[in-house]
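Everything below concerns the one structure shown next.
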Amino acid sequence: MKKVLFVVYQSPSGSIWVNEALRCAFGMYGEDLEPSILFMEDAVVAVNKNTHPEKLGCLSLSMSFKYLERYGTPIYVVKEDLEKRKIKEEDIEPTWKAQIITNDELSSFIHSFDRIIFF
Amino acid sequence: MKKVLFVVYQSPSGSIWVNEALRCAFGMYGEDLEPSILFMEDAVVAVNKNTHPEKLGCLSLSMSFKYLERYGTPIYVVKEDLEKRKIKEEDIEPTWKAQIITNDELSSFIHSFDRIIFF
Amino acid sequence: MALIIIKKSPKENISNRMIEIASPGDIILFVQDGVLYAIEEKTKDLIKNGVSVFVLKEDLEARGYSENISLFPCVNYDGWVELIEKNEKIIS
Amino acid sequence: MALIIIKKSPKENISNRMIEIASPGDIILFVQDGVLYAIEEKTKDLIKNGVSVFVLKEDLEARGYSENISLFPCVNYDGWVELIEKNEKIIS
Amino acid sequence: MHIVIQVNVPPYTYEDLDTAIHLAESALNRGHKVSIFLFADSVLSVNSKVKPLRIDRNIPHKMQELSEKGVEIHICGLCADYRGISPENTIQGPKFSGVPEMASLIFKADRYVNLMP
Amino acid sequence: MHIVIQVNVPPYTYEDLDTAIHLAESALNRGHKVSIFLFADSVLSVNSKVKPLRIDRNIPHKMQELSEKGVEIHICGLCADYRGISPENTIQGPKFSGVPEMASLIFKADRYVNLMP
């Protein structure tokens, strides 16, 4: 078994990378892989329940929710990045079941994976 | 007559934007336009005489030199951006005839143009 | 007088440089990931006196922020076109 | 032990964040616009003790810098492959 | 007024084409003449072979609608060559232009809005 | 060893395809098995209709050469759909794959090098 981490750092309304990381993560289950996703920098905007790229005519983040619930893919978000973008814990969409980690924990957290892919 | 400024901010070896800005500037002379190019941020790397994207197999910057000499398109470079990237005046390829402006002058310099296009 | 359109996130250096370019009488419009400037108090310190600032409402809301959290007034796409109409000089 | 490949310019926040991720025993390799870290003294302050740093020579030279201005040892593409061989964990 | 919007980055991957389409529609509604200049990777937005997911927006289709509403769409020809775009795989409407047309728009149009890469 | 290189950004506009090609060649020379996974806009690098300037490098041609030297090239099929790429306008060699093949490479290969977007 290998642990794979997809790290996204760009805003979900301005770019495709959050949706692509989700799609990739869900595709890992066909092998003996354990995927997780980490949101940092502007990508943390994705977990805000009020974030709706579909308002711009772009793909919605919610299309991933049924897979997220089915697979229980772990989602991690960096605390300091949330704070900088004024996203409070109560703003987080519950479906993500986001686990908050601090910037101090980031190095050992990332090192705990076998493959680390930044998007 | 309109004055047009192309501003490039990305590295010439990592991206096409310096070459594209040059190509656009040279194309302006068919109309009553007066083009200039400003290099700032990582794009200042372009004026270093030792910069050679062709070493990576990419397009050379020197393919623009004959047009630069023919048209005399003014090239401006921000002093502080050069310094930060350790490019001294004597490192600058003479063909560019680069004019150095300071960061303090940048606002009034940019406002002196009619059209300003960032690349 | 110029309209400066800032579309990149505050984490991009070029965005800060574009804010510095603004001079009194200019208008800054934050669009796309540039709207993240509208929720950071320190943006106010970056903006020179005499520079007006607007935020594209659609891009702000799509990123999860309501108009009332924005430090600057919002415009919609029609408002953006109005700003374009009023400013011949556009820096973007 | 991980190999961290940094390909974006020092002006990009994500590059600094990736340097911070390095822990003792890790190797950082600067490639593409990341090579600009190799000419900035303050990069040394960012690198933790016990982290080795290398720079891709081809990308450094294509940007106008010679190997002797680099604060860190250079490798060529073969050297990059060697680093890949030696490090199963790659962060990039 | 004649308003030009220049786009430089690929559709879908980034938001710029969506921004340009919304802005063009608003400008049309306010009675302006609108031109869109597609430069660099943005030329992919008029590729007729693009097949998005059914739940996603069809950007080439939206570009064709804009063209039908009178928006003049210019494609940088050299940029198109570099990205495998030719009249054969392009939606109806866009003109294969180049830097001379860009110069003409920069000179003649009342406003030139660039969405930087 | 089996080394995978994933690319995510468009060719020409950025340096990543050039980087990937050089890295793949060095890895081949050192006796490794090499696969390239083309994701997002990088799929444009195998478009057979790309026409660069004569003085410029021909990236699709270089990709075909790599393929002939035994490099396995995978294209994300959905990414290709979004960018008008299909077997008809693709050079000889690449396989239309998807996330399952990515998963398989991530699992089986000895090394996975991603060039982040």
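Order of writing sets the chain letters: A, B, C, D, E and F. Residues in each chain are counted from 1.
Throughout what follows, a contact is a pair of C-beta atoms (placed from the backbone, for glycine too) under 8 Å apart; a residue touches a chain by one contact, two chains touch by 3 or more.
Since we're looking at a predicted model, the values are computed, not measured.
K.L.:
Spelling it out: a chain qualifies if it touches subunit D and also touches subunit F; which chains qualify?
P.N.:
Touches both subunit D and subunit F: A, B.
K.L.:
If we define chain centres by averaging CA atoms, which chain lands farthest from subunit A? Would you check?
P.N.:
Computed centres place B farthest from subunit A.
K.L.:
Taking all residue numbers at the subunit E/subunit F interface, are over half used by both copies (same) or under half (different)?
P.N.:
same
K.L.:
Based on mean C-alpha positions, I'd like to know which chain lies farthest from subunit D.
P.N.:
Checked the centroid distances; the maximum from subunit D is E.
K.L.:
Select, from A-D and B-F, the pair of chains that is joined by more C-beta pairs in contact.
P.N.:
A-D
K.L.:
Provide the C-alpha centroid distance between subunit C and subunit D, rounded to the nearest whole angstrom.
P.N.:
Centres of subunit C and subunit D (C-alpha means) sit 35 Å apart.
K.L.:
Roughly how many whole angstrom separate the Cα centroids of subunit D and subunit E?
P.N.:
39
K.L.:
So, what's the distance in Å between the C-alpha centres of subunit F and subunit A?
P.N.:
Subunit A and subunit F have C-alpha centres separated by 26 Å.
K.L.:
Provide the list of subunit D residues touching at least two other chains, using ranges where the numbers run on.
P.N.:
Answer for subunit D, listing residues that touch two or more other chains: 11, 13-14, 32, 58-59, 88, 90, 92.
K.L.:
Can you pull out the residues of subunit F that are in contact with at least two other chains?
P.N.:
12-13, 15, 22, 40, 53, 78, 112, 114, 116
K.L.:
Where in subunit A do residues touch two or more other chains at once?
P.N.:
13-14, 16, 41, 56, 58, 115, 117-118
K.L.:
Indicate which of the five shapes (line, ring, star, complete, other) describes how the chains touch one another.
P.N.:
Shape = other; not a path, cycle, star or full graph.
K.L.:
What are all the touching pairs of chains?
P.N.:
Result of the pairwise touch check is A-C, A-D, A-E, A-F, B-C, B-D, B-E, B-F, C-D, C-E, D-F, E-F.
K.L.:
Under the definition above, what is the set of subunit A residues touching subunit E in their complex?
P.N.:
Touching subunit E from subunit A are residues 13-16, 56-59, 63.
K.L.:
Across the complex, what residues on subunit B touch subunit D?
P.N.:
11, 13-14, 41-42, 45, 48-53, 55-56, 58, 84-87, 91
K.L.:
Would you mind writing out the residues of subunit E in touch with subunit F in their complex?
P.N.:
Against subunit F, the touching part of subunit E is residues 10, 12-13, 40-41, 44, 47-53, 78, 81-86, 89.
K.L.:
Touching subunit B in the complex: which residues of subunit E?
P.N.:
6, 8, 39-40, 78, 98-100, 102-104, 106-107, 112, 114, 116-117
K.L.:
Can you tell me which positions in subunit B touch subunit C when the two form their complex?
P.N.:
Where subunit B meets subunit C, its residues are 9, 40-41, 103, 106-108, 110-111, 113-118.
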